[in-house]
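What follows is a pair of complexes built around chain A, which joins chain B in one and chain C in the other.
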Partner chain A sequence: MPLPHFEYVAARTVGEALDLWRERPACAYFAGGTDLLPQMRLGRRAPATIIDIKGVGGLDRIRETEAGLVIGAAVPLAVIETDPVVRADFPLLAECARVVGARPLRNRATLVGNICNASPAADTAVALLVLDGLVRTVGADGARELPVNEFFTGPGRTLLRPGELVTEVVLPRAAVWRGSYLRLSRRRGMDLATVGVLVACSNGASPPRYRIALSAVAPVPLRVRDAEALLDAEGAGGAGGHGWAATIGRAAEIARASCSPITDMRGTAEYRRDMVGVLVARGAAALAQAWVW
Partner chain B sequence: MVERAYARRTMSTTISLRVNGQDERHDVEPNQTLLAFLRDTLDLTGAKEGCNEGECGACMVLVDGRAVNSCLMLAVEADGREIITIEGIGDAEHLHPLQAAFLKHTAVQCGFCTPGMIMTAIGLLAENPDPDEAAVREAMAGSLCRCTGYRQILDAIHEAAGVMRVVPAVEFGMRGPAGPSGVAPGLMAPGSAEAAAGVKVLGLPEMAP
Partner chain C sequence: MAGTEDETTAGGVPRIVGTSPVRTDGWEKVSGQAMFIADLPLADAWIGGTLRSPVPRGRLRGIRRDPAFDWSRVSVVTAADLPGPNTVAMIREDHPVLAAEEVRFVAEAVALVAAPDPETLRAAIAAISLDIEGLPAVLTMEDALDGRIVIWGTSNILAEYCVSRGDVAAALHDADLVVEGEYRTGYQEHLYIETNGLVAIPHDGGAIEIVGSLQCPFYVRNALARGLALSPEQVIVRQVATGGAFGGKEDFPSVLAMHAAVLAQRCGRPVRMIYDRTEDIRATTKRHPSIVRHRTGVRRDGTIVGAEIDIVFDGGAYTTLSPVVLSRGILHAGGAYRIPAASIRGRAVATNTPPNGAFRGFGVPQTMFAIERQIDRIAATLGLDPLQVRRKNLLRTGDILPYGQVLEEDVGAEAVLERVVEISGYEAWHGKVGRSGASDGHGVSPVAVDGRGDSPRARDEQDGRSLARSGRRVRRGLGLSLFHHGSGFTGAGEDKIAGRVHVRLVPGPAGDADGVYEVLVSSTEMGQGAATVLCQIAAETLGVPLERVSMPLPDTSVVPDSGPTVASRTTMIVGRILVDACHDLAQRLTDARVAGERGPVTGKAVYQPTPGLAWDEVAYHGDAYKAYAWGADVVEVEVDEDTLEVSPVRAWAVVEIGKAVHPVLAAGQVEGGTLQGFGWACLEEIKSSGGRFLNDRMATYIVPTALDAPPITVEIIELPHPRGPLGAKGLGELPIDGPAPAFAAAVTDALGLFPCELPITPERLLALQDGPPTDLASAAESP
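This part shows the complex of A and B:
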């Protein structure tokens, strides 16, 4: 199906992008386009104006700042997943980025686009939730910094106001989080997650701290803070110790209870809920085995 | 909520780019994809329109050396870029090692996915000249073939990678245009297998999609 007609404009600065949005009708910001263009072909979105932000100075870079590692809105996922600093210090983000579509898609698709699309199944969202990422935006009311943990408000919905542009994502360097993204899909490559579970542990912190994030099992990607608190409390003496298996079982039960999956073509609600329990237990157990405290 | 489409706009933009080593300058519509530009404007019909949503990989081309789904890139975005299509890497007389290996391993049946497969593999081998089985499988995950069952394709890529590690890339890499309008001769005879596989037969009316 051909794309509907629209006007294409390329912004060179953030200010110009905001001006273009204000002056023109029914705008959409455009980076990789890998979500927007298919949605337009399906008639789900019909912007009259596409504002390309890839030429906006500075948005195509990953840079080190005092606040943490800053990833610009135009940086493609393929650059993020191969970036040596991301791989060393934020390995969970590299791991989650690598399962979005296939490599050629990730040569175009961006991290910021993935979270602005706000799919409940957004793979990079769970990494950003665990990493306490911050979303920097600029809009008519000025600049804002929004925690990723508050950013998602529903399927396809975020805290963003009309015309507000996400310029970058900040990854604070509080700790190095390690773990694994356990993801079930109908086929291994190139499919949206049916269930995604990220279980992570902070390296070097004493006592160790745990984080759990879920995708595709609720209207938004979410953290399971009660289960995290349980693991933090019981794991203080060293994971893998006496009673740890029972603790993991309780954490998995909390995660099961805290999700609210739906039934769709990828799986039933019951299956998804059961798999949340299985994967949280599996992820937490794997952490205990992989780490020497 | 769906924004309402505004009045039809036909403001075209002029883009300058290099395609298969040849400078091109053309007017494009905002809603024209890079794929449509290559096929309809330049008659480079090797890249195919399969799914139109980045799932199948039949439209794969190299943009500044990286494999990209050309159905998900606008032609206006290609301004100032270097594009390589299947027509730019070899022809019937001078096969690229990947093309030769695909033939040797019978990695081609209907042929529809083949240009995309080869361009995706070129993108992979440019980054990782010695990929293991897992790396090849991961890199090719976004390229679908409904005929071969993939084993022949994977074998062909492994063999071509071996050839390309030994033979300097310059000996076969990125040929310039081989014929008028950049179409390599001998590859698009009307009524040929390529035509049956969805190639636009030049000089005939375009079939309705």
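This part shows the complex of A and C:
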């Protein structure tokens, strides 16, 4: 289907974007558009007005602040995945950004767009969950700061209120988390995740802390805190020690039990659940191999 | 001029056939100058759209138009408004232009609308509602065969053919073992880059012109002449630059052209209809799903003594080309093997699903997958290496095919098999001596035999997956396939088509010396390189540089009917007629210039039946094809033991095609067909629910990308065939016949599982792993 008719307006400031939303009918904010435009073609969304925020001053930058690294809503994924600071201090985000779609798409698609779209399979969401990212918004009721860990409420649904604009994401500099995003997809290029598992460890912390986040296996991307707690408790004396393999197996079982996948075009619920177990075990084992404790 | 073949070959003029010049259509395509159908400027054209059935089967009780809509702004056509018979003429006349009393598949066209702009079109279609009383539908081949619900004819059988040779019952009785297997394959969507699309332009007196992305201009002309009750001359069909087809623009454009034409006549202006991807996937043809059962009698040394083969293809709701697809599937069902006694039955059944049609391979990939898996099963059952069983049974010159054809030509089967074994290191991998591919667990990673797989591993590290991949338990496996494909139409098909070719010399300012030669054929360039290859053949035959030969886009009012661009026939059959036309031109040119005539001169030729070849259409017996091309693939796969993801990491393809007119384009055909075969083998799948296709977008219908393509080593062997131009045989379809069974065999080699159904997805492998052990011996019975 061709795109339906809509009005395009470009905002230059956050205030102007909010004003435009108030004044015009049925608005949608627009950054990369890589989710919005296909959804409009498919008839799933029909905004009468599209408010482009790419030209809003300041939203196109990555900057250092006391609260942490701040990534503006108009920064495309291709910039994030290659940014030296992100790669050095938040390598998990760079890794998750790098597997979204294909490079031409990532030249337009944004991190903020990826989380606002709130797909259960959002690749960057698992990184932000593990990194305790914060979502900064501005709306009619003023500014808010929402933990990414509370942001997703269902497929395509978030805590955002009508007209509320996400301006940036904050990555607190609490620890450097390392690990790997294990992602199954039907093909290598240009595909959504069938199952995504991020297993991470805080590098240098003593005792080590673990985090596990899952994508594409529940209505929202989610953390598996019970499995994290198990690894934290059992790993306190040093991962890779006696019984660690059994601990990993129990963590994998907890993760399996805590997901609620569906059967769709990309895979069956049973396969997805099995793979959560396989990938959590694999990711945890890889951590043990990657560092000498 | 260097007007004869003798001067060309003996006179020191550089050869053109066998070299790889830049494609004649290359520059205009890479520079964006080529005009595709969406690029054609047509200021006054309206846009056509289609209202489709939402149910797989139902009685169409009424079509209601919302009185609130201003219907004067658009044109609407339903079955009641058609100017001619409600049929799209193909093999049978069962395919209506628009559903009249009954709808028979989800997405069947019920009403057509033309409007000046997309918004009006969308609003008009939304203002039409269908009153349909649902009827019980047949959605599977099993339901079609059991016949409790009859939706076509008296028994849901669209076509049935039988082939037999020798006393099969006796052969199976006397065999040491009878091995049984059942094999299934699924849909495949062409996913050509450019969707189906065309423009219909009405002319005075009811005449109509079609301009479009299509494969077979004369098929469209004939269908329109019938459907619009016009003379063939009143229908002009022109092809524009076409972005891929793979068979998907063979039969379907006749349907789309009828739709656009009736709308254009209705509104009295050009109507453009270009499907978007979703409509194209929902409504157009696909590769036929299949079920093939084999019972093969073998001796303990692996020699095949007899075979029973039963084939079922899912034809969908209407006949389209199913009988000929089935026929070709049957004729190749025995594979490239000597089967002394054979009985082959094939049926195409009707279901309430979109009609299936032509797709590269045309029935052969399905039956070739089955026979190749069956050979692997025989090997596993007998404890032999699959290569050993193939060597023992492969066809040689002088052998007789199940339908009675004696192979008098040079048979390339052994040559391609031995060469692919050599270059792939297959024997080193499998330990040289025959051993069972299914029972031994081998190929445990990490494996690097003779440096194999270096390239894929290097690629993994480049894309940043090295850490993510650590901790994987990986196995590798190597699989083999041997296959063949008949060139040109089956049996007397080419005699009936009687393809014609013209070659015209248009003198330049300096007369003939700088004149231009035009190859006038209905063959279409759709990406495969036909325009380049035919110009090469003409240039070589005429003894002129390639730059002086061109092949204009076909226009049915200008070019003769050379037959459709299908069936791996263009190079071999049309190319052969072209050689004759070039010779005719040389003769006529001499005559004309002697007589003092100065203008353009046209040479003409028509297909000449091959003496000594005979085909009995009723008994299905005789010389089915004028030549066979041969191929052998070896595929190496990597399997993740825990996730059961399988990917091809390396492939070797050796083909014997008589003569490669353009070696680079020929190798490209092999690479492309091989990758398309891998897609069918492990990725591509239509998911449906209640007869509705669910994955109707490129985001959900998954085909391989460049990142999924393994390095493919291609080698071409040439055993020149006397019936082809300069020895060339057909190539286009051959490469897609072998990859899927070789892929499956590689999975068997890696995991010890024996997949019998395509696509081979992780879920299917998990089911095989969790199911009862694959006890291949139990599939055999001792008579």
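Here, the second predicted complex is superposed on the first by the 292 of 293 C-alpha atoms of A that agree within 3 Å, B and C clash if a C-alpha of one lies under 4 Å from a C-alpha of the other, contacts with A are read in each partner's own complex, and residues count from 1 in each chain.
In this text, a contact is a pair of C-beta atoms (placed from the backbone, for glycine too) under 8 Å apart; a residue touches a chain by one contact, two chains touch by 3 or more.
Predicted model, so just to flag it, every value in this text is computed and none were measured.
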A:2 touches, of chain B and chain C: first, second, both or neither? both
Which superposed partner A:180 touches (first chain B, second chain C, both, neither): second
Which superposed partner A:104 touches (first chain B, second chain C, both, neither): first
Chain B versus chain C as contact partner of A:267, first or second or both or neither: second
Which of chain B and chain C A:44 touches, first, second, both or neither: first
Contacts of A:188 with chain B and chain C, given as first, second, both or neither: both
Chain B and chain C footprints on chain A, overlapping residues: 1-2, 4-5, 38, 188-190
Touch list for chain B against partner chain A, complex: 2-6, 8-11, 13, 29-33, 36, 52-55, 57, 60, 63, 66-69, 72-74, 76-77, 120, 123-124, 137-143
Footprint of chain A on chain C - complex, ascending: 118-119, 122, 276, 278, 463-464, 467-468, 470-472, 642-643, 645, 647, 683, 687, 694-695, 699-700, 702-708, 762-763, 766
List of chain A residues in touch with chain C within their complex: 1-2, 4-5, 38, 95, 98, 180-184, 186-192, 265, 267-268, 270-271, 274-275, 278-279, 282-283, 285-286, 289-290
Of chain A, residues touching chain B in the complex: 1-8, 10, 25-26, 28, 32-34, 37-38, 41, 43-50, 52, 54, 78, 101-105, 107-108, 188-190
